[in-house]
Amino acid sequence: MGDVRQRLHLQLDPEAGHPRVISPLNRVVLAAVVAAVLIAILSTERSFLPDHRDLLLRVDRGILLFFAVELAGRFWVAGLNPRHAGISGLLRFTLRPSTLTDMVVLVPLFIDLEGSWLTLFRMVRVLRLFQVTEIPAAARAIRAFRSALKSHWFELGFTGVLGAGLLLASSVALYLIEGRLQPDIFGSVPRSIWWSVVTFTTVGYGDAVPITPLGRVIAGFHAIAGLAVVAMFTGIIASALTESVEERDKQDTGPPSP
Amino acid sequence: MGDVRQRLHLQLDPEAGHPRVISPLNRVVLAAVVAAVLIAILSTERSFLPDHRDLLLRVDRGILLFFAVELAGRFWVAGLNPRHAGISGLLRFTLRPSTLTDMVVLVPLFIDLEGSWLTLFRMVRVLRLFQVTEIPAAARAIRAFRSALKSHWFELGFTGVLGAGLLLASSVALYLIEGRLQPDIFGSVPRSIWWSVVTFTTVGYGDAVPITPLGRVIAGFHAIAGLAVVAMFTGIIASALTESVEERDKQDTGPPSP
Amino acid sequence: MGDVRQRLHLQLDPEAGHPRVISPLNRVVLAAVVAAVLIAILSTERSFLPDHRDLLLRVDRGILLFFAVELAGRFWVAGLNPRHAGISGLLRFTLRPSTLTDMVVLVPLFIDLEGSWLTLFRMVRVLRLFQVTEIPAAARAIRAFRSALKSHWFELGFTGVLGAGLLLASSVALYLIEGRLQPDIFGSVPRSIWWSVVTFTTVGYGDAVPITPLGRVIAGFHAIAGLAVVAMFTGIIASALTESVEERDKQDTGPPSP
Amino acid sequence: MGDVRQRLHLQLDPEAGHPRVISPLNRVVLAAVVAAVLIAILSTERSFLPDHRDLLLRVDRGILLFFAVELAGRFWVAGLNPRHAGISGLLRFTLRPSTLTDMVVLVPLFIDLEGSWLTLFRMVRVLRLFQVTEIPAAARAIRAFRSALKSHWFELGFTGVLGAGLLLASSVALYLIEGRLQPDIFGSVPRSIWWSVVTFTTVGYGDAVPITPLGRVIAGFHAIAGLAVVAMFTGIIASALTESVEERDKQDTGPPSP
């Protein structure tokens, strides 16, 4: 029995040191998560398999039961990880975000939900995908990413404030210029901000478009400014990552011995 | 009294060396600025709290009064900063952009404004956010950013001229090709430029679209050229920032002693 | 005869070491591929040369015959490349993707195809362009590219999962908020995903646009998040390429001798 | 007289070594070029100063006369630049692109042009702006840029072929899927390519949009692939520029002396 527990631990806990980056059992779990998310998405569309709604519901229930068994297994083997040993370890294990997510996902098994609430609880399943980040190698990559961005916090913040200032300035300008011509679109600053964001991000739906020459000149500069801010943002991230990689390399090599 | 002045100086002046990057009092000021901007934005929308316009106006007035007190405080403690000591220092303090902004923001307290003018003066408040750039660490980051871009001035300028040339060339081409088919959209070069900018920045509202095969071929190349110019722009910024970071690192380390 | 075979081999096989990167004969082949693709594209448009459909068909047939002769030539000289010598080498040559493509391209010469199938077989021709990647220098560049991306696999994967999560979260949000107001557009999660992808990639056709204030706030953040994810993606690629270039330079120089 | 010629040479020829990067006289010329381009653009719009067309024409003529005098001056002082001394030097000076542009710009002074031809000749003026690239510092920056891109020719070319292949594949797919449903938009591959380019570059006018589920799935992947290709492109340019800057720095420092 202890042997089974040991082997299950190796399969379920990414920190247990399975030779593969993702163990075979966790691959099955990942596939089940993807399937569960797909069913949750597709079952909101009425024209999808209209004659087989019952089958969909049963498959969905089956996957949830599998998740329940899996979660029970995770609780059973949690104690083998030194960080989760003992009563306080079990509590830590229970309260960490990924275990809480696992439990929230199971709610529809116990409570009969309908409509929007059912959809919401079903969509929480997608968060289970982020458990991949518990793999040590992935956790290291994300930590490196975060530390790289942290050291350029001021530059990123300044770019953000600049972008926000430009967004607001263009919104106010268009509100003053075209507010009376197109009251539905530019009749107030919040309405203008919708146009401003859609233009700044270069989405450009076309539902809000300036029609006066002056408004168009400002819109043109606004779109170009949007590209420049995004370019600054991208440039900062690229240089932050390049720098952090070089830092890491330097530490790996160590200082040259005399 | 001198002690209160000293402590207020530490709270208000970012250069006074408060242990936190932004002092508690300045955080309150920042929050008030954000609130004041939000009120200014939302009160242009008539469907927002239609029955509580008076309340909004009173809150707005309250924040302005707080700003007035704060500005008085800043004047009171300005002399403790060596750069603003004495009469000439006070003048320098009064005429620097951030103090002028603080004073312009207060205009609606003294003059009854209406409509567009009121909106304009209210929007100036957002400029107070840029006072964050007076924090020494932020000022250093911005200086590094500017010096990095300065050393690549010619590349950036050349990219800009190239972009402008492409914009104009496509505008003239579409004016010649579709000027007679769609006179409202391509009937003159300035009108074509509107289409050209909207396409080049990949906003693509859809209010101006070529309909002839030749016009579409040119539009396609124009959009791709736009992406290439933006890519060049982003690449120049990224490499400039990477370079400036390495420069700084080199200076930090100093030349290896023999 | 052996001499002719030798010279043809030098012209046809990019690995034979022709002094030019692309040999004159292979340039002719490339031009023929481009011409064949253009004919395949243009002949689907009925308004293109409506009175000369026969001529187009005959030119198309001529190019295919040229491809058949060329393929026969490639088979004839294949044995001169050590990797393709002997019976097993010939089999390897026959089964490699580029030779299979060459054979699939010739199918319409032997079987009378019509409509969609003819179009599909004609479009396969474009894959012949990728044979350029068999040039040793190009193959090396692509290998370097792939190894650079491979070493940043986790960062790229994390960015992808983040993007997918954002796409889904916004889709569910808009489905819940505007599903009843605009059932054709947001009436189910799969329908919302169409809007979500079009906004996230900043394409913004304008066929699916939120109309409620809350929906627009989410759409705005969604578009900005899309830009941020693309910026992260671009930054990772840029830093990966910079790093791999420096790695290569280091290996080229070798460690400094004492 | 020789002294005047000397001083004019210093003002007109960017290679003459004027202490300012752009000499005062050349600044006047640049301003005149910008003014001439603006007049050329604005005079195509009939609603612009409809009662002062004559004045516009006279100002235009005046600027052209100034350009004629300036060109005469450039010919007069050309011989002082060693590269343009003697008869063969004068011929070289006459045939270089910037001098030819200067002469083409003057054509409307001598020949009465109308409509499209007049517009075309007027737009050539914008090319005079690129004479800025004759400034030694600018020429060096552009050379560095070109050499950086040249060393990554294969990567850029591969990205281009990949993009072209994706464009064509999506076009064919949509032609086969929605060709019968929306014959005006996807009824032939060339028509589909218009949609494909507009989506790939994320312009997204909205005049061509897939309506079937399968078509939308392909369109979504196509838009994401477009972003990925642009990200690769940007990343290659950024790393090429970073690399070339480091190369230059290495050469500036030189190898460490033993």
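Note that the chains are named A, B, C and D in the order they appear, and that numbering of residues resets to 1 at the start of each chain.
Assume a residue touches a chain if its C-beta (ideal position, glycine included) is under 8 Å from a C-beta of that chain, and two chains touch if they have at least 3 such contacts.
It should be emphasised that the depicted structure is a prediction, and the values quoted were computed from it without experimental measurement.
Trainee: Which chain pair is joined by more contacting C-beta pairs, C-D or B-C?
Mentor: C-D
Trainee: Do chain A and chain B face each other with the same patch, meaning over half of the contact numbers show up on both, or with different patches?
Mentor: Both copies touch with mostly different residues.
Trainee: Hey, how far is the Cα centre of chain C from the one of chain D, in Å?
Mentor: Inter-chain centre distance comes to 29 Å.
Trainee: Centroid of chain B to centroid of chain C, CA atoms only: how many Å?
Mentor: 41
Trainee: For chain B, write out the residues touching at least two other chains, lowest number first.
Mentor: Residues 190, 193, 202-206, 230, 234-235, 238-239, 242, 246 of chain B touch two or more partner chains.
Trainee: Can you tell me, using the touch rule above, whether these chains form a line, ring, star, complete graph or other shape?
Mentor: Graph shape here is complete: every pair of chains touches.
Trainee: Inside the complex, what are the residues of chain C that reach chain B?
Mentor: 202-206, 234-235, 238, 242
Trainee: Show which residues of chain B lie in contact with chain D when the two form their complex.
Mentor: 154-155, 157-158, 161, 164-165, 168-169, 172, 175-176, 187-191, 193, 199, 202-206, 209, 213, 216, 220, 223-224, 226-228, 230-232, 234-236, 238-239, 242-243, 246
Trainee: Which residues of chain B touch chain A in their complex?
Mentor: 37, 40-42, 44-46, 48, 116, 119-120, 123, 126-127, 129-130, 132-133, 137-138, 141-142, 145, 190, 193-194, 197-198, 201-207, 230, 233-234, 237-242, 245-246
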